[in-house]
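Sharing a structure below in structure tokens format, with a few things to ask.
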């Protein structure tokens, strides 16, 4: 079908982004909106292969330490200035200070150079397998040097009216109401984008978001914007299409942090008992409405080097009880910290609590909001805590950090919060990141997965899927593995 | 303003109302009636026949008013007297059609201008009220709408009956204000009720009642809340206006002095029944019913009885140079309001003596009492009881001395905690002072007997007693601590005359038996004459005259004292009782 | 009168200062670190980075110094900078304030007007069916949780019959102007304002009714009847005016409750006011913003109270312009 | 006392209110003994409509938990929160008001400024922040509700005490040498209490509503089921399962209604002038 030009899309955004300068704030909603304004050097297909965006082509040196990007010519910023290699160099420097993940990702980079205006060369300290996976817009957005260089980034006025190279331009933001983006007429891909404008509607209440869709006030409900319980009903509405695609790059994986340091959970058998005690199929079918997949281990199945050849933990309360008895658990109180992300997570917390109580564990729920929960997790002041983390396509980016002992540090909510420490695992992940070729990495990571699943440092729950709900007339909304998070540039309306 | 309000009347009423309210026309209308007046003995303007008003279930008696008949004649004042609760107000309200919803008239009729008022519908009632029948209430404080200007409230009288234009109404209000003798009428018609004194408010009420020249005026204790001096002025005003307009007046009061001053006819009510009626002179001089006789006998006389001089010169209380100024804070940016309630007040009370303190409302009598009791702090001055300087004590030490001087309060209803039994009320003081509780209760029983209450009273609550009985309890409470001095602030003012007489007798008796001294505060000079050895007259915080009682009455020196004495009602008594 | 206002303003400033200090510490008692929250959103974090953020926002300084800086700012009407939203707090609040004022004032006006109206009816027809009906409805509205009312309103008026929009304060993208825009905003306003006002309407209904019955017994009403005034005039001029005094007092006290209640209403109806701003700021530990909202709300309450006091003094001549 | 019950029982609203409250209280006290099933246990398939199975008469919620059990256990928490927070508010507000009214002057000024201060912060906002700071639990919820609801109590008590203080029987107690504490406790407070009781009955109702609003915002105690929690939790699925929200919602409505009716009855009973008027 031939794409049609024109039209407006109303989408929901939740919560309201705190700002739109992707280099400075990076929560989900910010990326969802700003992914239309800013661009990265690459995008990733649903299979997570790199696709050109601002970089036209790229090459890797023999020793896998030098990456050369050829930039697209004729790209301009929304204010008309050309986009060049200088912008890339500037962005790398700026992101190292403002973007925690980019900072981590770029840790392996020795130097970045621009031999000419349209070539950028990254030289690494040592080979880094997943390096080509860090260039997506959310991970490394390109920032206009001419507007930021030499300014106080924090108070730069362009933070509130961002200027990027993307298919849509920032138009207005009525705080608390909506954000409006309009078509970039000078976009470098001729004929794109198809849409005239995008309204991101800010509706803080989940039920109200459903109603807004139902009453035709919005056309797109990005993943996670309505409660899961509402998904089946909404998907049955007329002219409604639902897709789970667009999360391949992030592959959100939900698990329970188990505090390995103290109390009953320091015992591997208790941790295994927890795996047996929790009815994860129930969670998938009832709480997540059958969406997603029961996780088998630390890697999501969409991630490179995933294997399901690991020990299995089916729902088996009897076995859980036996393990607890064996471990000598005597009803010590165990605190569980659910995730304050809305009804679904609350219900899940209740269900898990009930599962654990059914096998004789003494569970107390600690309620907090997100910030309070983070503090508790960061201070290691918890026994069990819900979380879900993105995996960013490669075990070296999104998986290893959660299990290696070098990543144990107080005061943070990511990385190795559970306090698991195993020299063998440390070595495997250290080797895996730099090993070549792929087959060698595969071998290393499969081994790591087996060991981890046996040890149960955390209790893996589900590979999540956040379905995007939209009117069927919206076409081509999701074309990459990053989904709605990197823009509506291919989307069009079938009027 | 209210042209939309329906004014549906029968033709004959309408005819009278429509042309105008002015006097000549109205007089022409009522001419035939007036003609008859000349021929026969004046026919009544209102004739109440056999009126019976039922009280709701659970009230103290089945009928508030039980078979009352009385006539009001043009140009005559009928005084309805009787104790509290005798049904006086009920009669008045029935005549105005303003009875509360919970009571209803079960039989009788009220004839007015040829019709039975009890059979009128609401619209006709409304037409009559204010225009033909008007009323003045007891409490000038609450009888006026606090949110409306006086002039507007007067003008409402015309508005209610669709008379005059708004401008004329205002002009009329002004001239009415002038007529009732309100000072600075231009200002006063623009004032709000709270900016007027009690007497001024009562004048405003009278002006309102007279606005449409009603045939009948009902006055329900219109002067009870006023000072004697103000009362005298208001009585005169009513009398004059009534004469000049030939109104029939029903005047309700419980004060025989007032009756003596203004009544043509007297009707004595008791328990809702008329026990005696007749021309004022007859009722006063030859009361037939025992109840009337008793009532008359209870009225204290203006003539102080002879008193034994006090030889014992020991001072029970010594008050030296007391000053008290109330400062009402005006906030940061306003000047404070100051009231001098006591200025350089000096007096002594000898052992066994009763010192009277008289003066009008607001003169500072209660303030002095409180200063003496140390309920409030003096700005300056000393109060000495025996040798103890009360003003120097505080906290525990003060509490320990308090038993020496005790107080009897004015309001028998407000001075007893409704939630405590009488036994506790009387015994609490001694127990707080450290007495053994059984002994305290025994003593309480004795005291109650002494004031004429049986022992069963210990276990009862205040609401189960009558006003007079409660005042006795108050006295027992004061005596429980075996004080040397008793301060009685208007201790009998709230009581009916007959009860008042009993309580006064009791006080005299106890005082003599226990050798107490007493500071007796009252605004009633008759009472003062009967009970005080010496009297101090207060005006605006200053004692202007202090003399033995007989001397004061015989030869008042200060002009204010003279004014007070002259204003006491009922001095041209037709029946000098006792 | 002027001095009265001046005095109240001075008093208000003192209260505000106390509120600032108390809340300053209160808010910081909350577990959770804004820097961690922010770093966390990037999907990664490390100590150095978090420390860097703290320094940037002045969170590394000792508390008393932070307080001093904040109070100094307040003195110059500077509410500080929201590190989270990267904008001055006063700007963020001013963007939202009109919506909140529109909502609360409308709710206030509706609740007061309707409450007094219904209360008057109930009192006039006390004991009749009308009275009972009004009383029962008032009780039910009084007893319904606000979010429940909101939900029912949306289901009824937005979903079942598409009469009223369920979110926002204007039709986004319609670009209406003039009268059409006004009507559009009004349509968006009705449901939230009613939801917010319903509870208070019920309160005022009951209060007016009780107060009217109370005043009806007073002596001056008897005086008015003795004048022969028609019942309607007595009710309006004598009874109602006096009966309104306690209602006015209560309404003034309610200002704070009303603004507080706006949190839920604004959330459910996506109304872009400061109630929601406050809640978001709380969740994100955006200290300056949260404190700024508190100060703003308190100022609004103080102004509301001042206005009701002024009104009260205008209606009741007995009270003079003293504190 | 007898008098009081008599007039209370005479007012129809008071009787209805009392019956409702007694019913709610007996459900709260005895219900969990009769239906010991945990309301958190998943017993049936999710979203089972009401009146289908006798074991789960009111249906099940999104996780297949028994709505009926939730109602019964919820009564406990909701009433407890209402009663306890009101009690705490009284414990704070009554002494403050009494002291301010009795001692007057500087004490009064200081205490009233303090009270005003709490009234200047929007109450619900303050409650939210307090619960968030203290972290949601039944204790923090009760405390926060009490913190925002005591000022009206203090003001009311102060007003009453202020007028009672000048009563003659109080002065009588002073002149007979009784101590301030005694006077406040014996002479003043008992007579100031009737409007406070009326207010308290309404405060219980308001507290129940407040708790439900906090639960709605996700600030309820996660270990205890309350009606507010149930309404909040069922709200998102109201379109497919009305019963999850409607039953607890109605329960809140009825108890708040009952408490209000009691308030009205108390008002009538404790204020004889009103009750004689009839209605």
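Letters are used for the chains, namely A, B, C and D, taken in the order the chains are written, and counting of residues starts over at 1 for each.
In this text, a residue touches a chain if its C-beta (ideal position, glycine included) is under 8 Å from a C-beta of that chain, and two chains touch if they have at least 3 such contacts.
According to UniProt, the chain labels map to these proteins: B = ABC transporter ATP-binding protein; C, D = ABC transporter permease.
Here the structure is a predicted model, which is why all the values come from computation and not from measurement.
Asks: As a test of whether you follow the contact definition, which chain pair has the most C-beta contact pairs?
Replies: Ranked by contacting C-beta pairs, first place goes to A-C.
Asks: Determine the centre-to-centre distance between chain B and chain D, using the mean Cα coordinates as centres, and give it in whole Å.
Replies: So the centroids are 46 Å from each other.
Asks: Determine the centre-to-centre distance between chain A and chain C, using the mean Cα coordinates as centres, and give it in whole Å.
Replies: 39
Asks: Per the centroid of Cα atoms for each chain, what is the distance between chain B and chain C, given in Å?
Replies: 49
Asks: Centroid of chain A to centroid of chain B, CA atoms only: how many Å?
Replies: 86
Asks: Chain C: which residues touch two or more other chains?
Replies: Those would be 30-31, 151, 155, 267, 282-283.
Asks: Would you pick out the residues of chain D that each touch at least 2 other chains?
Replies: Each of 132, 135, 235, 238-239, 277-278 in chain D touches at least two other chains.
Asks: Where do chains touch, given as pairs?
Replies: Pairs satisfying the touch definition: A-C, A-D, B-C, B-D, C-D.
Asks: Taking the complex as given, what residues does chain C use to touch chain B?
Replies: 3-4, 6-7, 10, 218-220, 222-233, 237-238, 241-242, 315-318, 321-323
Asks: Can you list the residues on chain D that touch chain C in the complex?
Replies: So the residues of chain D touching chain C come out as 113, 116-117, 119-130, 132-133, 135, 152, 205, 209, 212-213, 216-217, 228, 231-232, 235, 238-239, 245, 249, 252-254, 256-257, 260-261, 273-274, 277-279.
Asks: Considering the complex alone, what residue numbers of chain A touch chain C?
Replies: 8, 10, 15-16, 18-19, 21, 24-28, 30, 97, 99-104, 154-155, 159-160, 174-178, 180, 197, 199, 201-205, 207-208, 211-212, 214-215, 217, 368-376, 378, 389-390, 392, 401, 409, 411-415
Asks: Would you tell me which residues of chain C are touching chain D in their complex?
Replies: Contact set of chain C toward chain D: 15-16, 18-19, 22-23, 26-27, 29-31, 126-127, 131, 139-140, 142-148, 151, 155, 213-214, 217, 253, 256-261, 263-264, 267, 275, 278-279, 282-283, 290, 293-294, 297-298, 301-302, 305.
Asks: Sort out for me which residues of chain B touch chain C in the complex.
Replies: 1-2, 5-6, 96, 98, 122, 125-131, 134-135, 137, 139, 142-148, 156-157, 159-161, 192, 194-195, 205, 208-209, 329-334
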